[in-house]
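Multiple structures are listed underneath, in structure tokens.
Paired with chain B in one complex and with chain C in the other, chain A is shared by the two complexes that follow.
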Partner chain A sequence: MSAPNGKAHWSLYLYCLFLLVPLYWLISMAVKSNRDILGGLELVPGNPTLANFVEIATNPAWYGAFINSLTYVCLNAALSITVALPAAYAFSRYRFLGDKQLFFWLLTNRMAPPAVFLLPFFQLYSAVGLFDTPLAVALAHCLFTVPLAVWILEGFVSAVPKELDEMAAIDGHSFPFFFFRIFIPVIRGGIGVTLFFCFMFSWVELLIARTLTASEAKPIVVAMTRTVSASGLDWGVLAAAGVLTILPGLAVVWFVRRHLVKGFAMGRV
Partner chain B sequence: MQRANNRAWLAVAPVVLVVAFTAIAPLMTVVNYSVQDIFDVHTRLFVGLDWYRETLRDPRFLEALARQLGFSALVLALEIPLGIWIARCMPLQGRMTVAFLIVLAVPLLIPWNVVGVIWQIFARPDIGLLGAAVTALGVSYNYTSSALDAWITLALMDMWHWTSLVALLCFAGLAAIPPAYYQAAELDGASRWQVFRHVELPHLKSVLTIAVLLRLMDSLMIYTEPFVLTGGGPGASTTFLSQYLTSMAVGQFDLGPAAAFSVLYFLLILLLCWLFYTSVMKRGDEAA
Partner chain C sequence: MASIRISGLHHRYEPDAAPVLEGVDLELGDGEAHAILGGSGAGKTTLLHLLAGLLHPSAGTIEFDGREVTGASPAERHVAQVFQFPVLYPALDVAGNLGFPLVNRGWSAAAVRRRVGEVAELLSIAALLTRKPKRLSLFEKQLTAIGRALVRPDVALVLLDEPLTAVEPAAKWRLRQALKAVQDELGLTMIYVTHDQTEALTFAERITLLHHGKVLQTGSPEALYQQPAHEAVARFIGSPGMNLVDGEVSAGSIRCNGQVLGTTAAADGRCLLGFRPEWAAVGDRGVPVTVRTTRALGTLSGVAAGLVTAELDGKVIHVQQRLDGLVGNQARLLVDPSRILLYRDGWLVNDATG
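This part shows the complex of A and B:
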């Protein structure tokens, strides 16, 4: 076992192996043709091919779905941060009527199963004419990303000493100047971590995204559940699409890697 | 000290607006449906609690509920101890730590249906490495035909997917323990178990509470991964609550029963989370 600063234990390497082997298998499938996949097991692909990736890059149904997904994920993250930041500041700095109750009630939204919202969401977004647009999915995902964003940001805001606010007021800065030019730069690490979690929960969600889209705004996760071609399930293309959906997550985790532990350390996910 | 200022409501208003649109209005709609029999847009009949009574007597609901509770208990029992163990195995700093953190974070960022696809490709006896390996050992294994195999595969998949979350949270908790505690424990000649029990575990309490809460609520909501991997089968052996609800709501458009189901489902999750949370907090108060 590790005492502080000890070396990694061998079982950690074993666990990482457990995490990586299924991923390796996915990647190896992605570079095989369907004939090779069904022809028998190969530990290392004998005839690696990029045909599956070319199929995705040239077929509008595939790359369009990717663009749709990225659109609503970015919209959602921007929206969540915009509304959550002032609220987090208020929860951290002020006492006001019903603040505790409101904060707790926000969190209970995180406990609502998405399946519960399928029916009303479909009707609500159809009624306001947003059905089958990325904006509908972005708004619907606010159901769990906004409470999360408020929760995480509140932790980061509370970690900033109040003296900063007071100093700015004494220096004669207006509140908007303080908030945008002084405060936001100070907690940009927290904003990064929040973006990471908003991205993470919006990008991975299937049920709501599937319910609120039909053909125009079909996201990648939905496109993947319908990859049945004439010759049956197209495993190679499916695996290639799977590999591509992992890349944005990897990029995001790379950008916030320094802040990640801090974000988790606040016990807020 | 926080200042009392009801103008802070202005800053909270946007959040309340967004949540009103995404959560309150839909929830009210569900509650509204759950007490009506809806034939079409203009013909509705108030039926009181009939749908609730019917749902609670529906054997398929009760079976799905039992499976759901069993599954959640199983994955919590597997993931929480394993997550703590993994976190304790991590080096606290250095180049390798960042590498381990990234590897651990990867499963959390994969779309849930892709997790299902990965395990489908990995566990199928014909094209999967795991399926083929187990079959080669002479064990008959097929998650599409055997309920037991389906459960094992689902539990393994869930461990693969979510243990990292517990591990990352615990790691963050461990990283926050001042080294002086370990030095003091060493001076006292504490055993590894005693160090864990009396130094590490108390410091992990808050992150572990969060980890258990998150895993509890998320495992109770599980839909996508079994939907892709087993489709709820074989038979109905891996049909959990969300799966059954979705088939009722979207498949059959049974508005009333599905709405009553939804309300019960949400209340169940709230109740379990609240029970867990208050019991942890209460024990904390007694110990303090």
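This part shows the complex of A and C:
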């Protein structure tokens, strides 16, 4: 890559500005009162206030929704990795009847829009009493995140030379010792990237989350679409919730940013 | 350290697949440096896996010091292996990598440190002990990998799977010297697998040539060069390889194109005549040949000498000799009669002791 010249710099700044305007608007709305928001065009908030954030932190309907979301997202990520890591190892290291077919057809779930699965999920979870629990949403999301996780992890597993497995065996380590103490640390970057994608899918997914929950396990994305009170829409609180919803994603991206590039380079992401 | 005995080893990966190893017999003395030489697909790596216990043979037995280990797990065999590409635990520094096998066997921290220090000293990598693998050159990584293999004092056998492949040519020689020095000093039983005859000839006391899953010959480097037991060995060893031309034996004399080249006790019939480039001379007597090219490689006793490439019955032969007196394309080939080797159905049939 050549050194960026002045023109390239400007186009980059313009692009960033373009991306950041909506974000800035969201943040500025989050620190304004409803009256200021509806009052007129204001580039810089005149009377900044944290009242909206206080409302979220003290109202169980709001912070409960955050907790619900984080619960099923974490459950989903943990379940996906637990299931996908052994699967990816098997696909990478062993040859068995139909392995290539199975590996490819794993992706079929992702070829259908999630809406297709709404009805069966709703009916099934109602029947077994899982409806309106974070576990229901986590399990439903696994249908989409597990194949994705297997694909991403398989690339990372295959990038580890088979000799590492052989060396550990020759050194006299048992397979569980090798897998947990040697292998997982080696591919922790890949696990991070996979967690990121599971997290991203589950955190932003709205349709399934809304269908499989009612009141007890209402997630934040749903809470945000249903916040119409007697006094109309509560713009400021909504914007504050939006800001808070962005934060976990930012944190996760920050942790895996280096490995993410590697994942993209491998063509699996 | 251990002596190794392999007998009748067969291996196939699938029950109905072609065998990768077919009846391999091999005996190694305690502290022997042994090379297994063969092209790709000869079964070298499979043999190593069987020795390490990563695979179990379809038939045959493996004994370490007279104790059968055919079905034993890698952990029970006390084998160490150095791979083609250096494999190190990326999260550990050099000292951590060297000490890992010991830590897992319950050594005390002080004992591990002492042993790691000794091994690092031996390979002159003491200065690298605190570095992480990603800050090492390929050469240093492979040295560390070799150190890992040597660190356990109870190691019975060290397996080296083409350890110089990944190392740049300039460092190859140094690494080989380091390996050889360690082998001499510790008296380790080592099996060195390679497809490079120079590596095998310079490293090993004895060499086994493996070809399509069968042992063609086991012997000293000199024996493999002077008396190849099979024509594949004759072709494989030497650069250029041995010349092999059509001929026949009739009434005790070796003939080629009607010319008598020597005498033998072998039975009558057609056979291949084998001779090294330096055992023959192109001149004005012997079998007619067509000279294609001559390449001067220096002088011999003040006379230009080099490699003559000629054609005999459509087969290319190489002869190493003086280049004076070679005029025109038509010449004649004479071979040292005491050194002609006769091959029938691939195998050596006469015992030319030159």
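We take it that the second predicted complex is superposed on the first by the 260 of 269 C-alpha atoms of A that agree within 3 Å, B and C clash if a C-alpha of one lies under 4 Å from a C-alpha of the other, contacts with A are read in each partner's own complex, and residues count from 1 in each chain.
FYI, a residue touches a chain if its C-beta (ideal position, glycine included) is under 8 Å from a C-beta of that chain, and two chains touch if they have at least 3 such contacts.
Predicted model only: the values in this text are computed from it and were never measured.
Within the superposed three-chain model, A:P161 lies in touch with chain C and out of touch with chain B [touch as defined at top].
Touch criterion met: A:I182 reaches chain C, while chain B stays clear of it.
Contacts of A:A169 after superposition: chain C is touched, whereas chain B is not reached. By the touch criterion defined above, A:F18 lies against chain B but remains apart from chain C after alignment on the C-alpha atoms of chain A. Put chain B and chain C next to each other and count what each touches on chain A; the higher total goes to B. Once the two complexes are laid over each other on the shared chain, residue contacts for A:P60 go to neither chain B nor chain C.
Applying the stated contact rule after C-alpha superposition, one finds that A:L143 touches chain B and leaves chain C untouched. Common to the chain B and chain C contact sets on chain A is no residue at all. Here chain A touches chain B in the complex through residues 1-9, 11-12, 15-16, 18-23, 25-26, 29, 37-38, 41, 43, 79, 82-84, 86-87, 89-91, 93-97, 99, 102, 106, 108-121, 123-124, 139-140, 142-143, 146-147, 150, 200, 203-207, 211, 220-221, 224-225, 235, 238-239, 242, 245-246, 248-250, 252-254, 257, 260-262, 264-269, going by the rule given at the top. Residues 161, 163-164, 166-167, 169-173, 182, 185-186 of chain A are the ones touching chain C in the complex.
The part of chain B that touches chain A in the complex is made up of residues 2-9, 11-12, 14-19, 21-23, 25-27, 29-30, 33, 85-86, 88-93, 96, 98, 100-114, 117-119, 121-122, 126-130, 132, 160, 163-165, 168-169, 171-173, 175-177, 179, 182, 192, 206-207, 210, 214, 217, 220-221, 223-224, 227-228, 241-242, 245-246, 249-250, 255, 258-259, 262-263, 265-266, 269-270, 273. Chain C makes touch with chain A in their complex at residues 49, 52-54, 73-75, 79-81, 83-85, 87, 89-91, 100-101, 104-105.
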